[in-house]
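Note that the chains take the letters A, B, C and D in the order they are written out, and that residue 1 is the start of every chain.
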Amino acid sequence: MSTTQVSFAELRRHDKKEDCWIAVHSKVWDLTEFIDEHPGGSEILLKCAGTNATREFDAVHAPGILEENLSDDKLKGILEEASSDVPPKGAVSEAREKNEAPHDQDAQINPELHTLINAADFERVASKSLTPKTWAFYSSAATDLITHQQNKALLRRIMIQPRILRNVKDVDFRRKILGHNSNAPFFISPAAMARLAHPDGELALAKAAKTEGIIQCISNNASYPLGSIVESGDPQQPFFFQLYVNSERHKTTELLLKAKELGIKAIFVTVDAPVPGKREADERIAAGSIQSAISGAKATNDKKGGGLGRLMAQYIDKSLTWSDLAWIKETSGLPIVLKGVQNVQDAKMAVEYGVDGIMLSNHGGRSLDTAQPAILNLVELRMKAPEVFSKLEVYVDGGFERGSDILKAIALGATAVGVGRPYLYSLVYGQEGAEHLTQILKDEIEVSMRLCGITDLEQASPDLLNTSDIDHLVRSSNKFPAVPWKVERAKL
Amino acid sequence: MSTTQVSFAELRRHDKKEDCWIAVHSKVWDLTEFIDEHPGGSEILLKCAGTNATREFDAVHAPGILEENLSDDKLKGILEEASSDVPPKGAVSEAREKNEAPHDQDAQINPELHTLINAADFERVASKSLTPKTWAFYSSAATDLITHQQNKALLRRIMIQPRILRNVKDVDFRRKILGHNSNAPFFISPAAMARLAHPDGELALAKAAKTEGIIQCISNNASYPLGSIVESGDPQQPFFFQLYVNSERHKTTELLLKAKELGIKAIFVTVDAPVPGKREADERIAAGSIQSAISGAKATNDKKGGGLGRLMAQYIDKSLTWSDLAWIKETSGLPIVLKGVQNVQDAKMAVEYGVDGIMLSNHGGRSLDTAQPAILNLVELRMKAPEVFSKLEVYVDGGFERGSDILKAIALGATAVGVGRPYLYSLVYGQEGAEHLTQILKDEIEVSMRLCGITDLEQASPDLLNTSDIDHLVRSSNKFPAVPWKVERAKL
Amino acid sequence: MSTTQVSFAELRRHDKKEDCWIAVHSKVWDLTEFIDEHPGGSEILLKCAGTNATREFDAVHAPGILEENLSDDKLKGILEEASSDVPPKGAVSEAREKNEAPHDQDAQINPELHTLINAADFERVASKSLTPKTWAFYSSAATDLITHQQNKALLRRIMIQPRILRNVKDVDFRRKILGHNSNAPFFISPAAMARLAHPDGELALAKAAKTEGIIQCISNNASYPLGSIVESGDPQQPFFFQLYVNSERHKTTELLLKAKELGIKAIFVTVDAPVPGKREADERIAAGSIQSAISGAKATNDKKGGGLGRLMAQYIDKSLTWSDLAWIKETSGLPIVLKGVQNVQDAKMAVEYGVDGIMLSNHGGRSLDTAQPAILNLVELRMKAPEVFSKLEVYVDGGFERGSDILKAIALGATAVGVGRPYLYSLVYGQEGAEHLTQILKDEIEVSMRLCGITDLEQASPDLLNTSDIDHLVRSSNKFPAVPWKVERAKL
Amino acid sequence: MSTTQVSFAELRRHDKKEDCWIAVHSKVWDLTEFIDEHPGGSEILLKCAGTNATREFDAVHAPGILEENLSDDKLKGILEEASSDVPPKGAVSEAREKNEAPHDQDAQINPELHTLINAADFERVASKSLTPKTWAFYSSAATDLITHQQNKALLRRIMIQPRILRNVKDVDFRRKILGHNSNAPFFISPAAMARLAHPDGELALAKAAKTEGIIQCISNNASYPLGSIVESGDPQQPFFFQLYVNSERHKTTELLLKAKELGIKAIFVTVDAPVPGKREADERIAAGSIQSAISGAKATNDKKGGGLGRLMAQYIDKSLTWSDLAWIKETSGLPIVLKGVQNVQDAKMAVEYGVDGIMLSNHGGRSLDTAQPAILNLVELRMKAPEVFSKLEVYVDGGFERGSDILKAIALGATAVGVGRPYLYSLVYGQEGAEHLTQILKDEIEVSMRLCGITDLEQASPDLLNTSDIDHLVRSSNKFPAVPWKVERAKL
C-alpha cells in the first residue's frame, strides 16, 4: 500500500474521466478504470474528480468498501492535511441535505438509554431521531399497513394460561438454532441499510450479537460489506446471511462463495419478495443516493416515487423457483432456510425439497398487504401440518416486540423468532442500544416464563396458550366448490 | 349550418318569449319553439333572451347539447366579437356562486399528479379541490354510510396466502369482458355528472379508457351526450352503457336505439335503485340547476333537501320487473347486464332470464344502507351458487381501491371489477388523472399477482384467499322457523 | 265557576297556612285545605301564599292541573291586572335558574326545522337547545351506557339483502296495532315529562299523532294530565297508556278507571323497572322541583344525586307479580301489554297469562346496564319461540332511529316499533317537530321498502335480512352444567 | 416505658454509629444496636442520628412500627418541645420531593365525596389527587395493559337477561365467606401500601370494613403493621391475610404465627407472582424510599427503573410449590386460599391438595400481560369443572367496578368477588371514602338484583346471563396435534 504524500495541487490535476483521482478519508484513489462500472453512475464520480470527496462518499457508502473492491495499486497515496475537511465519521447525507443536524449532534437530545425499557420505546425514539427518509424506509410497510398492524395485533390476542406453584428459580431460555448456540430463542432478523441509523450500522449489530450471545442474520442489502460485518464479530460467532437472488446469477454465485468463505452458517433465501411491496410512506420521500455495500443495490427516484425498498430491489430475480434451491445449496455448501413462507402447502414443499428451515414471514408486512399475519401462519401450520416441525426448523418474524410474544411462538413450535425493526431502531444508540434491547427482551422472556410456571423452553407447548380469539381466522377447509368455468370467455 | 354574422344589436332585439334568440359559444340560436320544452323551465331561458348566455349555459349543460337537439335551421348565425365574454371552458357555476375560483384557476394548488400514488390520494385531493356540492354528490352514500364503509372494510379483511418460488417474470392481467378485450380486469363504473369535476367530464374518461385499453361504462346521467362521449374515443373502442329505465318508456326506447346505433357493446340495467337512496350529505347542500345531457334528468331543491342524486332520479321507473328485460334486450339488440344484484336468488333468476351478466353492487352504498357489502355478496354467491359463474359473467363494484382488492374479486370468480368514485376523483386532473389512476391500479395488480406467485388471472382461485374473517357473515341457512301468522291482525 | 274580581290587596291578605290563597294564571284559588296534601310539600305553597304564583306554578306544573284536582268552590275569583306578571307560557324554570334564556327565546338560534333530515339531527339540536338538566334526564341511560349503545349498534349490524326487479310503485306500510289503524308500523313510545322540552309537551305529541295518523302511548309520568292529553287529540284517535303500578294500589285503580273512561285503548304495564336504573348523567345534575301531572311523582335531590328518573320512581310498586295482571285487566277492561319483556321464558309466560301483547324493551337502556339489546331479544324470540308471535302482538323499542331499523324489526315479526327519545327531542319544535320527525321516518320506511323490493309489510320476513353478524350473540343452550352446591356454606 | 424528658442538647450528643439516638413523634429511641439491621440501610439512620427525624420517618414508615419492633428499654424518653417540628400526620414524602402540596392541603380541591357516584369516579379523583408515583404504582399493570383492560371489558360483554314480574321488595345480598358473615358478596382485595394514598392507609380500610360489615384481606405489603390493622377494627371483625412466601422461610413462619395469634381467619397464598410483573408506568417514575411494615420489603431504584411493585417483591420465594402448602396450613392453622389460579388444571389440583378456596385472579393484570381475563377463567372453570365449586370456595378479582359486574360473577358460581384498586382510590377520602364506595357497590348490587328479578344471591345462576359474546374465547379442546419433536436439535 502506498504511503506517498499527495498534495491537494496534485490531486486537483486528476479531474477528468480519463484521469480521475478522488480522495476519501485521507486516501487518494485512482478511479479512472472504475468510473464506468460505478453502480451509482459515472456522473457523480466525475463531479468529485480531483477533490477530497470524503463527505460525499460517507453519505452513501460504508467504510472499507473501496479497500475491498479496488486493488492496492489504485491507492495513490495519503492526502496532506486531509483531516480538516473530513466530517464526523458516519454523518448521514440526508441530514445535511435537509439542513438537519447530523446524527452525532442530535444524539444529545435523545433520552438516556437506560430510560428506554421496552422495544416500543426504541421505536418512539427512532421516529424522532432518524431522518424522515430513514424513518420512512425502516418503518413503512405495504399499502394500507393491514398486515403490518395485524402481525402485532394477533400476537396480543393470543392469551396465556399460566400454571402455578412450580419452582421457577432457575430458568433456561438458551436455544440451538440450526445447531448453533444462542443465548436466547430469537435472532436479529435481516433488515437493510443499518448505517442510515448509525455510522456503525451492521457492525454494531454484530458486536452486540457477540456480547449478548445471539445470532445476527445479515441483510443482503446491508450497508457494510459482508466481510467487514463478519470480521467485526468474534471468530467463533455464528452468522446467517439473507439472500436475494440476483437476476445476474453469477453475482449470486460470487456472493455465496464469499459467504461460505467467511464462515456464514446458513443462507436465508428470501422468497416472499420476487418484487418489492408498495411501501407508500417510503415512496413519498425522495431517496438520496444510497447503495448497499453487499448487493450493490442503489436507489434513485423514479416516476413511482422514491421508495428506497423498491429502488434497491431492482436486481432481484423474479424467476426464482424451487428447482434453483439445489444450486444455492451446492454453491454455498450451507444449510438453506426459506424466508417468507406463508402457506401450508409451501411449508410441505419445503420439506420435500429438503431445506433446513423455513421462516414464516410476510417481510414485516412490507411485501403484500393483507397477506395473512405471521403468527396466524404459525398457528395454521402447527394445527394442520405438525409433522413439518419435526422435519425442519421453523422460524417466524413480524411484529414481535415482547418477550411474551416470543414465548408464544416458541410454545407453538417455532425454534426461534426473528426480531427486525426493533434492532434497527436500537441503533440510534449504536451497539449499546442493540445490547440494551437484547437484555430487555431476555428479561421479558425470563419473567414471562416464570409467570407461566416454566423453566425451560421445552416446557412451552400449545397447552400454555389459549388461541381461541384467533382460531376462527385459520383458513377452514375450502367452502368454495369448483366451478365449471367457461375459461375461454374471460381469457384474452 | 348558417355562418351569417349576427351583431349584438340584432341579438338583443329577440328578447321575448314569442321571439327568443340566445347566443351560446358564438352561435346564435332561435329557441322560440323550444322555450316551453326546456327541462330547466322557460323562465331561465327568458332571462337570457337576446343575450350571449354562454356562461349560464356552460354552468349546467354539456357542449354539443344544442347541436344534438336542435335542427340546423334554428342556428341563426355567428355572433360578432363573441370571444371576449366567454368564460374559460367548463368553469362550473357552483364555484362562482360560492365565490370560489373556478376549477381551472384552482388547479394550481392541487399537488402535482405524479405525487399521487394511490386511489385514496385522488379522493383526498378531490375532497379539497371539488366544490362542496360536487364533493357531497360524488362522495355521499346512504344514511349512516354503513354499507359504504363496509364495502371497503370487508375487502381488507379478506386475507391472502401467497405462494412462493414460482417464476413471476411475465405477468398477464388482460381480460375479456363480454368478449371485448380489456387490458385490465376492471372497468370504469358508471358515475353521474363527471363534468362537475372537470370540463371534459366523461370525454376525458373515454379518452383515458382508449389510451389505457380499458372499458368505460357510461352513466345514464352523464353530463355529456352519449354520442359525444362515444365519438371522443376510438372507433374500435368498446363502451358499455348504464341504463335507468324511464317511466316514460318511449324515451328509454329512443335511448336504447341510439346506444345500438353508436355501437355500444352492452346495456347495464340498473336494478338496485328503483328509487334513489337517501344520501344525506348530498341533501344538506342546495343543488344548483344541473341537468344530465343523456337522461335530461334535472335537479332542483325540494323540501327533502338538495340531493342531486335524488333529484335527478325522478324519472326512473319504479315498476320495472323481470319481464321488461326482454323488451330492453330486443330493442337494443345488445347483451344485458343487471347492475345491482344483491341476492343469490336474484342471481339465479338472472340465469333463468338469460341475461349475459350480473353486477353485484349496492350502488357504492348509495342505495339502501346496511345492505350487504358487495364483496360479501360475491363470497356468498361463489359459495352457494357456483354454477352461476359458468352461466353468465359476474362483476362487482363498491369499495375497490387497490389492485389487491381487485385481485381478490377475480379469485372469487368475478370476471371484472367496476371502479367508480376513484375515476370521478381522478378527473380533477382530467384525462391525465384518469390515466394515472389506471396505471396505478394496473401496477398494483401486477405487483400483487407476482407477490401471490401467479402470472395469469386464471391462476387466481379461492385457494389464494383466506376469507375466514368474514365467512361467518355469510347468511346461514334460515334460523327463523315459520310462524302461523294471524295475518289479519296487523294487516290494515 | 266564580268570576269575581279579586284585587291584589285582597289576595295578599290570605297569606298564611290557615288561610292560603294563591293566584295562578289569573285565577285565585283557596288552597288552605290542600296545603298539607301538596306533593311538593307545604313550604313552597306557603312561600307563595297571598301572591300571584303563576311563574312558580308554570315551572313545575302542567296547565289544567288545578282545575282537574280542585273543586269549583275553591276558585275564589279572577285576579285584577294579572297579565302583566305572567311569563311567556311554558318557560321552564331550570332555564331561569341557570341564567339561560327561556326556550321561546332560544328557539331563534335553532336551525330551521326543514334542515333537519333525520332523527339524529333532532338529537343534536336537542342536546344544545334543552337545558342541561332536561338533556341529562332525557338522554341518560343506565351506568356505563352499554345497553343503550348496543341497542342501536346491533340494529345496524343486521344486514339487508334486497330483491330486485319488482314493481314497487305502490307501497303500503300502514299497520293495525291491537286492532287500531296506524299509518305507520311505529308508535310514540312513552317518555316522561315531555313538557321540559316544550310548553305543549304531550299535547303536542297527541296533536302530531292525530295529524300523522299514528298512535301515542302516553307516559305514566307525563307532565300533562291524562285527560288534557287525550282531549287535545281527535275523539276517534286511539291512545295507549303506560302504567307504573303504584305501591298505593288504590291510586292505580283510580288511574285505570280514568284511562278506561277516557277511551284509552290499551294498558302498557311497565315490567322492566320495579326500581329505576342508575342513570348517572341524570344524577349528576340537581333536579329542580318537578312533578308529573298523572302519577304525581315528584323529584327532589337526595344523597344519591339528583336523578329525575330515580326520584320520580319512588312510588312504583316493587312487589308487582304475574298474578296482579288479572286485576289490572279487570279494572281497566282493556288489553294488556307487558312493556319490558327481556327473556324468552317471560314471553312464553305472557302467552300463558293471556296478555295481548309484549314489548321487548330494556327501557331504552335506562334500567339495567348490559341487559341484552332489544333487537337481540327479538331475534332470539323469533328463533326460539316463533309460536309466541301468533298468540300475541310483539313490539320492540330501544335505539330505533331509521326507517330501515323499523323495517328490520317488522321483518323479524314485530307488529310495530316504539320510538321514544326522538319524539322528546323533536319537541324542541313542538307539534310541528313531531310531525316532521314522523314524516321523515315514514319516508325512510317507504324508500327502504322499495329498495328492498317489497310493497307491503306482509312481505317483510326474515328472508330479507342477514343477521349473521349478530346470530352468535343469541344465547346458546346452557353450556353450564349443574353444580351440586354446598348451599349452606355461602348462605347467611 | 420511659417518660423521662430528653432535651434537644442531650439528643444531639448521640449522633454516631456507636451511639445513635433518634427522636420520632416525641419519642427518643436508642437505635445503636439496630443500625446495621435497618432494611433501609444504615446510612439514612446515621444521617438522622441525634435529631428529631419524625419527618423522614413518616415519609416511609407506618406509625407504630418502632413500638412493634423495638424493646421498651430502647425508648430513652420524651423529647422536649417536640411538636413544633413535626409535620402534619402522614404527609407523604413524594409530595414534598416533587414540590407538591402534601395530601391534606390538596384535599380541598378534591370534589366533595357525595358527588362521587361510582367506582370510576374514585379512580378519576385519585388520578389527579395522588402523587404521580403513587398513581403509577396503584394503577399500573403489566406491559401493554391488555389483561388489565380485558379484565373489565369482558365483564361488560356478558349480557344479562332479566326476569320480570317478581316481587323484589326485599332483597338480601349477604354472604358467608369461608363461614364468616359478610354484608355483601365482595371483600377488599389485598393491595399494597395503602398509606401512600392516605395517612390512615390500611387502618381506614379496616374501620370501613367494620362499619360496612365486609371483610378486608390485608396485603402482605401493607404500610401498617398487621397488628395495628387488626386492632383498629372490631374484636369480632374477620380479616383475611394475603401471603407472599419469603425466600427466608423462617420469616414467613413468624408472620403466619403472628397472623394466627391476631385471629386472622384465612391465608390467601399468592401464587400468580413468583416474580413481579413488568409494570412500566411504575418503572418510569423513580421510587422514593418506601418500606412495607409487614414484609419489610423496601424499594430502591435499580437499572430496570423505579418499579415499586418490582422492587418490593425481591424477597418473594420463586421456588414455592404445591408441597409447601401443607407447611403453610400447619403453621398457621388457618384455611388456605390460593390467590392467582388461572388454569382449570390448577383449580383441580387445588381440590386435590385440599385447599379451602381459590381466587381466580391475574393480579389485576399486573403479573403476566395477555394472561386470560379473570372473568373468562371463571366462565371456563364453571363450564369445564363445575364440581370444583362444590369442593371449595371460588373467588375472583380483576376489573370489578360495578354491582352488576359482581352479580355476574356470583351467578357464575363465585362465592365472592375481590375489589382492589377502587378501595385504594377511595382512600383519597380516608375511611369515609371506603365506606362511601362500599355503599355505592351495595346499592348497585341491590338495584341490579331487583332489575334482574331476584331477591337472594342463591337465585343468581348462569340462567340469568347470556355469555354468548365471550363463549368463543373459552379455550376449546386442543386443536394442536402432538409433534414428534427432534428435541435434541433446539435444546442447548
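Heads up, the rule we're going with is that a contact is a pair of C-beta atoms (placed from the backbone, for glycine too) under 8 Å apart; a residue touches a chain by one contact, two chains touch by 3 or more.
Chain identities (UniProt): A, B, C, D = L-lactate dehydrogenase (cytochrome).
Because the structure is predicted, anything quoted here is derived from the model rather than measured.
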Which chains contact both chain B and chain C? none
Taking shared residue numbers divided by all residue numbers at the interface, is the value for chain C and chain D over half (same) or under half (different)? different
Expressed in whole Å, how far the mean CA point of chain B lies from that of chain D is 66
Which whole number of Å gives the spacing of the CA centres of chain A and chain D? 46
Would you give the residues of chain D that are in contact with at least 2 other chains, written as numbers and ranges? 472
Tell me, which parts of chain B touch chain C in their complex? 143-144, 146, 271-275, 277-278, 280, 283-284, 303-305, 318-322, 324-325, 338, 340-343, 345-346, 349, 367-373, 376, 472-476, 478-487, 489-492
In the complex, go through chain A and note every residue touching chain D. 114-115, 117-118, 156, 158-169, 172, 174-177, 179, 181, 382-383, 386-387, 389-390, 393, 402, 404, 412-413, 415-416, 443-444, 447-448, 450-452, 457-458, 462-463, 466-469, 471-472
